[in-house]
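Letters are used for the chains, namely A, B, C and D, taken in the order the chains are written, and counting of residues starts over at 1 for each.
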Amino acid sequence: MLRKKIVTSIAVGAAAVLLMTACAAQSGGTATAGPAAKVDLPVLASFDPPKGAVLPAGDGKATCPAGLTLGYVGAQTGANAQLGINIINGVQLAVDQHNKANAGCQISLKKFDTEGDPGKATGPVTQAVNEADIVGIVGLPFSGESKATGNIFEQKGLVHITPSATNPGLTTNGWKTFFRGLGNDATQGPAAANLLTGKLKAKKVYVVQDDSDYGIGLGTATTKALGSAVSGSDKVITAQKDFSATISKIMSNKPDAVFYAGYYAEGAPFDQQLVNKGFKGAFVGPDGAKDDQFIKLAGDASENTYFSCPCIPGELIPSFKNAYSAAFKADPGTYSIEGYDAATVLLSGIDAGKTTRADLLAWVTSYDKDGLSKHYKWSATGELQAPTVFGYKVSKGKILPIGVIG
Amino acid sequence: MSETTPASSDNAQIGRRSAGLPPAAPMNSAAPVNSAVSVLADVDPHLAEAVAPDREIAVEVGENLVEVKNLTVKFGGLLALDDVSFTIKRGEILGLIGPNGAGKTTCFNAMTGVYKPTSGDVLLEGKSLKGQKQHNITRLGLARTFQNIRLFGEMTALENVVVGLDARHKTSVIGALLRLPRHQREEKSAIERGMALLEFVGIADKAGILSRQLPYGDQRRLEIARALATDPKVLCLDEPAAGFNPAEKEELMVLIRKIRADGYTVLLIEHDMKLVMGVTDRIVVLEFGRKLADAAPVDVRNDPRVIAAYLGEPEDGTA
Amino acid sequence: MLELLLRPAMENDWISFDVPSLIQNFWSATFDGLTFGAIYGLVALGYTLVYGVLNLINFAHSEVFITGCYAVVLVLSSLGFGPSAPTMSVGLIILSLILALVAAMIVSAIVAYLLERVAYRPLRRRNAPRLVFLITAIGASFTIQYTIYLVRGANPEPAITMFRTSPIFDVFGTLITDQQILIVVAAVITMIATDQFIRRSRTGRGIRAVAQDPDTATLMGVNRDRIIVITFVVGGIVAGVGALFYVMLVPSGVQYSGGFVLGVKAFAAAVLGGIGNVRGALLGGLLLGVIGNYGQILLGNSQWTDVVAFVILVLVLLVKPTGILGTSLGRSKA
Amino acid sequence: MSMVDGPKVSAGAESARLGADASSVRTTAKGTRTQRLRDRWNDLTRPQQWLWLIVVVVLAYLLPVLNIPILTTAPGNDWPLACFSMASFALIAVGLNIVVGYAGLLDLGYVAFFAVGSYTSAMLTSPDSPFLHIPYLWTIPVAMAVAMFFGVVLGIPTLRLRGDYLAIVTLGFGEIVRILATIIPAMKGQVGFQNVGRPPGVAADGIPIFANSNGTPWYWLTLTVILIVLLLVGNLERSRVGRAWVAIREDEDAAEIMGVPTFKYKVWAFAIGAAVGGLSGSLFAGQVGFVNNQKFDVQSSILFLAAVVLGGAGNKVGAVLGGALVAYIPLRFTAIADYKYLIFGIALVVIMIFRSKGLLPARQRLLAYGHQAYRRIVGKSDPLSQPPGALPPSVDPGAAVTR
């Protein structure tokens, strides 16, 4: 039959061209950009939590009225589900540890799903604030949904600690109930700049940002902190797949490092294509890119990658890691420990007898203690007073901490 | 379908406007069975009045209402219509016949604006229809039916007719949105006239039935009623008898005569010679896109060229 | 109000044109655009064939294509390909790619076949109206997309690098890579093969007959259902070819929703070239790819590609509603 | 595939005849259940119909307050806000139904008009916007007008195209609006506009009545808007406009030849549909209080279409029902969020194959005074014996759709 003939002829034709090109491919790769020598940063082996850090278990003698509830509001399903699950597990672990130690004070946890979508967030948030037994919330994980719903918490005087929303603008709304359990992009920017020009000794940094609130904010903050080290910049778009236009600009710019302000979904293929085109420098991404998915998507190319993250390597705290792994059959993920610490702040308030929303809000406002990951004390607008930013690097397919960078 | 005809024995005069018509055109040998003194004899006078054309026509009865002038239509290299000219006189029933592929429907489509003529022109009341949008041609007074029925299936019979009536309505979208007085007036009169039209073609009792659920014959009648609803100066019927049995054809002839008697001018495309001979006043014959003859039925029937053109073709192909 | 509208515009907040950049990158944009356009063309072929025969926009064709991409990725990753350039021998690479190509063609063809049998045929049996077909197609597209989503997750598949690309020669100061040549040549070969198949083979004649006049074709003894199935399958096979080269060009582009936008653009390409016209599909694809790329560089953002593509499509349709080459599948000259 | 869209010559009149008969048999055998419901409704007297309608409307208004245990979305989502969500989807579906259901124009980019409405309201009220600021309620008509303008601008070139091209062009248009919102700096992409305005009024506790957490007033506002829109759409349906749309849907060429200016009415359908889309977008922006580029994707357009088709394309009450269901199901069964689009995809295919007319099959009433006319046929033998003008004027509430 003719069809068969055609199929074979296509295959033969394709094979011939392939052969031709593959031969050409073998004959020589092209390495054009000449970056600085690779800096080998030592991996942080362990992380000591502050001595006397507040733990959810407390002293085990707490008593409180029955029916008190904490809430988690954020993504449980949808494209951003994994981040939500990391946080939920952290919160769940804290609540479980608390309840196990304090027979006289049993707190329950209610979860509300926003899918991470600002348009869908008002429903779950309103439901949460309208449930009278909820006295404190861990959430919302993303900046967009936080923007859309912060005023609802404010109206009902319900305290909420976000474990992961890092947009600096969130604390400029005059909300008294909003607290950020980690550094914002403004603190991450200088830290990333420090990682790039300090630890990695880059002289020329090319800054690429995506179109998200997060990417724009972080890109701007980092560019500002880098100052004259910025040799060029470009923008990419959420869901972009092909980065050849940006890459050719980078290759002609010949920077020592590329800073990418955005998420792993674009960052990983970007890095992969960049490395495949012969880029030899370092690739630095923020917390939004720090995910095992980055390595999965970029493969070996990710070996040039570093991350800055206001998150603390919870996996280096043995007590936390072991308890987490035992409970959820997985290692703690990004923001697991932030969720755990945020829940702990709220639980310790309940243990101290702050069982109304107003009391708990006052408790968090004046809170000044160490948590497992860092010291928690907030400014009047809800920013952490002394946030820490960690650096990470990819080594042999794993994301490993390299210590505090800011 | 006889059950649908209203059984009124009132043998009164026919409608106002039709009173000035010339005496019924000479019937030829293939005359219909129920030859009556007047074809409107069994029609309720109020009904005839309600259905009769409702607007002024610039030309007098017997004058040229439509002039087809040197009409030529080409499809690519194919000459579908070659320099065809004829006229339609007000008040007559003109037949347009020809063997398959002779260009009847093409001519029709060119007249009603479906095709753009390559050259030539069509005049209605002396005014050119060139460049007019199809819906405007209908509003100007050239209404048609379709060879293959094209009703609005999800509408009732009455609604179908009212769509035709809308061609003469003036309500704006805003007027309809807010139910302004003109809209209410037009809607009311549309129901009256629509029902009258359905009654006239004999399917008033089925006004509320979806048109796609109507029997085939009634669908054909509904198409005629819908075309009449646009208040045409010329009603063009495209093979209205297609798929009819002889009895149905007889009824159709009665209906066509009734329509003419009520004051309408009719252009009839038909394949069925018997029907055409029986009902028309004059016949235009097309062959290979050219006009072959233009004469009274008797003369056409005896025209050797026409006979030659139809040689081998049965006169009544569909029966 | 006018001032309020203009003020942001003057601050360059709306649209800015970067003409120097376009001039500087003109040739690279052209060659990149041709490469992308070749892939649009391959996908467009499936739309054009089905539309020619059934007068149906097979909205789910983008999913036929993306399942082919998944086949390529899964086959190649199981053969040891990954984000980094493979280290295996040339022969092995070629063998693997042929294997992936065949797998993609088979998978896409099967999906296309199932689509026809499960979704469309029952509707044809009932003589369903156009709208019903289109909505079914959209439903089928969603079903396939989200089935993939549930099985493979929301994340894109890890990149597959088939071989390290290298420049072959230099045109107007722009390096043309082996990959670009391969893709364009393969697309042209596929297009010619399909064209020949439809023009010369017995089945091809059947396809043309059904496209021209389904009723008459049936009367003349053409098995309409069989012809329709074959049309879907051929569209699927060509989509499979497109899938291999798409993965080659955009290694990280395989995601459950990834086919959709590409599919829309491919359909636009088909319409642009003249839907129902096999050669028009490739022409439309190449044009769309090139023009979209110019727009992207001129306006400084890759997303302008889609905007420009659609504006061009609308403009062309307004001037020439039948597309550039115009003729239908049934009338394509033998 | 004929290049000239003229009347086509059928394979034979006889087959057309057979087809007509066969289809009539098939349709009468089917749909008896809905027919019975319809008949029962028609047998009611006018005051009885009104009474029923009032009961239904009152129940609809009480919906967020009643919070019926089986229906409620409470554990996961605030019920009054879920009600608002349902109402706003219902409104969208009513608007899209004009385009798809009545006029038969497949619009796959309807979300664009929703987006235009949202952005109009946001950019005219949000402090993040450099534009002129006006009170929120005034932005609603502005949003409708702007959306309508976009509808006309899109409609004039594309509505001249053949039917199925329209689908692809509207799909592209939907994407373009979303992309423009992303890449035009002034539209603020994902950053979006915060603190979108709301209707005035502050409750006793100092919280605005129309706060984004307060679903009930938003629901009541939207429900009232829906009722007004239904009434007006009902007026259009039972006029030459509705008849023109349905005629275009049934057979565009025949409609044109019957004197319907088809292009004009298609543009009107597009414009009116766009205005309703803009209206719902404006309400949505007001309720959420935050607008960015995230929710105006093709998937939303498809969900809107699913709502119309599910309810029964061409039936405005069906559209309300379909819209409410499409919004309700994922909120009620939060566990299916991941499966939502898969379920809708399968549902679309299955509904099209087995019940292509949707849950409430369309049966438009296209005559303002058709009721009386049809009643006369049943009652009397001579439909013309009644003098014209004796017909009592009737005011049909928009919600009463069934004949």
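Here is the rule we use: a contact is a pair of C-beta atoms (placed from the backbone, for glycine too) under 8 Å apart; a residue touches a chain by one contact, two chains touch by 3 or more.
Because the structure is a prediction, the values reported are computed rather than measured.
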| item | value |
| --- | --- |
| Middle chain, criterion being Cα centroid separation | D |
| By number of C-beta contact pairs, the top two chains | B-D |
| Interchain centroid distance [CA atoms averaged], chain B/chain D, Å | 39 |
| Centroid spacing, where centroids are CA-atom means, of chain B and chain C in whole angstrom | 50 |
| Inter-centroid spacing, chain B versus chain A (mean Cα positions, whole Å) | 76 |
| Residues of chain D touching at least two other chains | 182-183, 338 |
| Touching two or more other chains - residues of chain A | 78, 237 |
| Multi-partner residues of chain B (each touching 2 or more other chains) | none |
| Touching pairs - complete list by chain label | A-C, A-D, B-D, C-D |
| Chain C - residues contacting chain A, complex | 28, 32, 82-85, 90, 93-94, 97-98, 101-102, 105, 154-156, 158-159, 161, 163-168, 178-179, 181-182, 185-186, 189-190, 193-194, 196-197, 200-204, 234, 237, 241, 249-253, 255, 258, 296-297, 301-303 |
| Sites on chain A touched by chain D in the complex | 76-78, 81, 112-113, 115, 117-119, 122-127, 129-130, 144, 147-149, 151-152, 155-156, 173, 211-213, 216, 237-238 |
| Of all residues in chain A, those that touch chain C in their complex | 1-3, 6-7, 9-11, 13-15, 17-30, 78-79, 235-237, 240-242, 244-245, 248, 265, 268-269, 272-273, 275-276, 293, 296-302 |
| Residues of chain B touching chain D in the complex | 6, 44, 46-47, 50, 105, 109, 112, 114-115, 133-135, 138-139, 143-144, 146-156, 158-159, 162-164, 166-169, 171, 173, 176-179, 183-184, 186-192, 194-196, 199, 204-205, 207-208, 210, 212-216, 219, 226-227, 230, 238-239, 242-243, 318 |
| Parts of chain D lying in touch with chain C, wherever the complex brings them together | 1, 3, 11, 100, 104, 106, 108, 130-132, 157-158, 160-165, 167-169, 171-173, 175-176, 179-180, 182-186, 298, 302, 305-306, 309, 313, 338-339, 341-342, 344-349, 352-353, 356 |
